[in-house]
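In the two complexes that follow, chain A is the common piece, with chain B as its partner first and chain C second.
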Partner chain A sequence: MSNYAVEFKNFHYAYNGGEVVLKDINVSVKEGSFTVLLGPSGAGKTTMCKAMAGIIPYYYGGRYAGSVEVLGEDTKGRRVSDIAMRLGLMLEDYESQLVSLTAGEEVSFSLLNHGFPPDEVEERMKKALEDVGLPGRENYQLDELSGGQRQRLLLASVLAVHPRVLVLDEPVSAMDPEGSVSLYKLLYKIHQKYNMTVIVVEHNLDYVLPYVTDMIVLQDGSVVASGSFEEAASIAYEDRELRRILPALWQVKLNLEKRDGIHLGMWRKTSDAISELKEKYGRAEL
Partner chain B sequence: MIETREVNFAYRRGEPVINDIDCKIENGEFVALLGHNGSGKTTLSRLFMALMHPRSGEVYVDGENIAKKEPADLADRVGYVFQNPDLQILADTVWDEVAYGPRNKKLSEEKVREQVEEALAATGLTDFADVYPRILSFGQKRRLGVAVALALKPRILILDEITNGQDSLEKEQMMNYLRAINEEQGITIVLITHDMNIARLYARRVIVLHNGNLVFDDVPEELFNGTKDLTEWGLQQPTMAALAANFELTAVNAADFCAQLTLKAGDK
Partner chain C sequence: MKEEQVFKPEVELIEVPPAKDTHRWVAITALLLAIGVILHTISPNIGGVTPNWTIAMYSITISLTNPSFSQSLGIGFVAGLTLVPSSKSAFPLGNIASELTGAFVAALVVKSMMQMGLADFRFRPYLTGFLATMASGSVFTFILKLILNLPMHVYVYAMLPVVATVAVLNGFITQVLFAPAQKLFFIQGARKK
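And now, the complex of A and B:
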């Protein structure tokens, strides 16, 4: 039995008529981890998310080689809906994934589609709405929900089937900072409560820094670093382009560690950095 | 120049979204418009160019009341770049897309070419002139949206969340370019954003809306110096601002910040 939520083996992919966007990907995501997928735009992050859910190559066609395993099973030849029972995917343009009139119908639709019996549907639907902080909203019309609430609703439809892995592509790109912080808090709660593996594409690492355990860094379609967040960040820091997409706090940490030959803590919040820096550093004499 | 006087707005059957807003944006300013989701930022900016009209109060562009105007009447003075770049794309090539506005204005082909070339160069899209716009990356489509607006040579450019979904390198490129046209050509920039760091680094003035009310209007340093509870407004102090403020430093980025710190004697 594999301990990996997802494993890519010698995976290559090109969209129909396009160039190769993923090149020889050999990387795994540990079960129970909170993994961030980082890389400049166009590096192949979204393509990787779609490959995990099996919609690449199933819906997109294209050319591919190698394999992707979800919880130890090859996605090849599996129906996308079967994979979705174990791995839930939320894409960036989440609005386009909403199909129903009311919040309850939206969540139930996904459950019925998966063939759950009607009495179980009701129960799972209510529980999922509760889990995303929308308890008792099953009769709300979609247009009565704010953008942030609609996003959490979609998360509820993905969660309702109880997948063991959750993949999210830039879930907060249209949200204000407070909304983004609270969505990640929610994701972390779900991750902890169900020991669910979370894999997330996020440009603003400040939001995931409090929770992340592992990181995969992509550049031009190849994995250039992977492993614990700490290890992957130090490798990425050595590259001038990648350095600038690391969280500001970690740019400071890695800069000082390298320059002064010291080791600083696993900073997750600004306050961690401030207290350690106050202890060790003073202002430069100008 | 844009000015609003006691402007109010509500969508049909809805709660008021803009309450009695008075503000004046002078020529050549670089303003960030901040606020939580649903605070009224986009609505207010749409009133600036007659995409919608207020329920009460007046909006003036260059001193002229725009109550009777339509967006097309203002298009060569005010450019608007929408949140979703796909909604704006109509033509088969990047070039034609950018040329659409100037051609519509019946400019000479030579003038059209000149303005298109300038807009493409400014947005780094010159090499993509013949490309089918829909195959551009998200970030490139955003730049195309800006190029389309620029080709009409507006004096005021309103940009709604144009850095969403872009990585920090793309953001920096786009923002440096906006800074350049603001400083070199005096084009007024009104930037709607959720990115606190961008507001801090690029805007010279920040306006914050909260539930349709104007609650802050001052320089970004005042907003981000750590003395205000920004969470109430759905905002956040950017990380580097918090670090710098705690050490009474002026650093704007990680490298500067580190350069301004030295190890205390005992730790060397």
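And now, the complex of A and C:
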């Protein structure tokens, strides 16, 4: 039995009539990890998320080679709806994934499509709404919910089928900083509570820094770094383009490590940096 | 200047066709036929001629979804049924036969044009709407001719010209409404068949 939530093996992909956008991807995501997928625009992050859900190449079509395994099973030959029972995907344009009139119907829709019995649908729907901080809102019309709440609602719809892996493509791109922090807190809570593997595409790593365990860095359709966040960030730091998309705190840390030949700890918050700098240098300002 | 290099994989890539929609045609048919019924009920005469919204709507559906012939006959049958209750003709059930023919002809036009490589021909919807209406109208009026025992020259010189006029109007409606319908129904992951 594989210990990987997702594993890409020599995976290549090209959209219909297009050039190859994912090039020989060999990477795995550990089960139970909180992995961030990082890379400049057009690097192939969204395509990779869709490949995990099986909609690439089997729904969109195109040309491919290699394989993608979800929890040890190849996505080839499996229906997208079957994969969705194990791996939940939330795309960036979350509004387009909402289809019902009320919050309760929205969460129930996916469950009913999967063939759950009505009693279980009701129970799971209520639990999922509770998990995302929308308890008792099942009769709310979608337009009565704020943008952030609608996003949580979609998250509830994905969570209701109890997937073991959750993939989110830029979940906070349309949210204000407070909403973004709050959504990531919620995701981390869910990740801890259910030991769920979370894979998230995020441009602003400051939001995920407190929670991230692993990182995959994509550039121009290829994986240039993967593994623990610390290892991958160190590799990415060596590239000028990628360095800029690392969290500011880590740019400082990696710069200091390189300059002074020292090893600093896992800085998740500014306070971690301050206390370590005080300890190492005797002051926080350099 | 940096030279753009095209990545050539060392392995051969396998081509996969996009997944086919299995039920979208049903949803589109239901919605457009419902719109057709409403328009049929409320639309006024234009110069003594009333456009046949139902034919225009299933012509759009068939142009959009390219259903099989049997599916098209199903669409035609349902379209005919929707017309029976409100029909003021001498033989309302004639609508079923005429719409079966119309939908079949629409499917034939769409499939033939696709086979001829004319899938992107700009006036394909016009042609589909026009020919489907001609076929449907000819069958419907011919049934009337038989039931009312009308002479052939009445059918040829009085009925068919009206059918042709409605067909021109319907072709125009189909053409105009095709693009918005395409945008509406294929807004996500628009894929040509």
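Throughout what follows, the second predicted complex is superposed on the first by the 277 of 286 C-alpha atoms of A that agree within 3 Å, B and C clash if a C-alpha of one lies under 4 Å from a C-alpha of the other, contacts with A are read in each partner's own complex, and residues count from 1 in each chain.
In the analysis below, contacts are C-beta pairs under 8 Å (C-beta built on N, C-alpha and C of every residue); 3 or more make two chains touch, one makes a residue touch a chain.
Note that this is a predicted model, so its numbers are computed, not measured.
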Clash or fit: how do chain B and chain C relate after the overlay on chain A? fit
I'd like to know which partner A:73 touches here: chain B for first, chain C for second, both or neither. neither
Which partner does A:238 contact after superposing on A: first (chain B), second (chain C), both, neither? neither
Once the structures are superposed on A, label A:252 by its partner contacts, choosing first (chain B), second (chain C), both or neither. first
If we overlay the two complexes on their shared chain A, which of chain B and chain C does A:282 touch? Say first, second, both or neither. first
Which of the two partners, first being chain B and second being chain C, lies in contact with A:10: first, second, both, or neither? second
Could you work out the angle between chain B and chain C as seen from chain A, using CA centres and rounding to the nearest 10 degrees? 80
Once the structures are superposed on A, label A:40 by its partner contacts, choosing first (chain B), second (chain C), both or neither. first
Counting residues of chain A in contact, which comes out ahead: chain B or chain C? B
Give one of first, second, both or neither to describe whether A:65 is in contact with chain B, with chain C, with both, or with none. second
Please give the least Cα distance, whole angstrom, that chain B and chain C reach in the superposed model. 12
Across the two complexes, what residues of chain A are contacted by chain B and by chain C? none
Residues of chain A defined as touching chain C within the complex: 10, 12, 14, 16, 19-20, 23-24, 57-66, 96, 221
The answer for chain B against chain A in the complex is residues 35-39, 83, 137-139, 161, 164-170, 172, 194, 196-197, 231, 234-236, 238-240, 242-243, 246-249, 253-255, 257-264, 267
Complex contact set, residues of chain A against chain B: 39-42, 92, 146-148, 170, 173-181, 203, 206, 241, 244-245, 247-249, 251-252, 255-256, 259-260, 262, 270, 273-274, 277-278, 280-286
Residue set of chain C touching chain A in the complex reads 6-7, 9-19, 188-189, 191
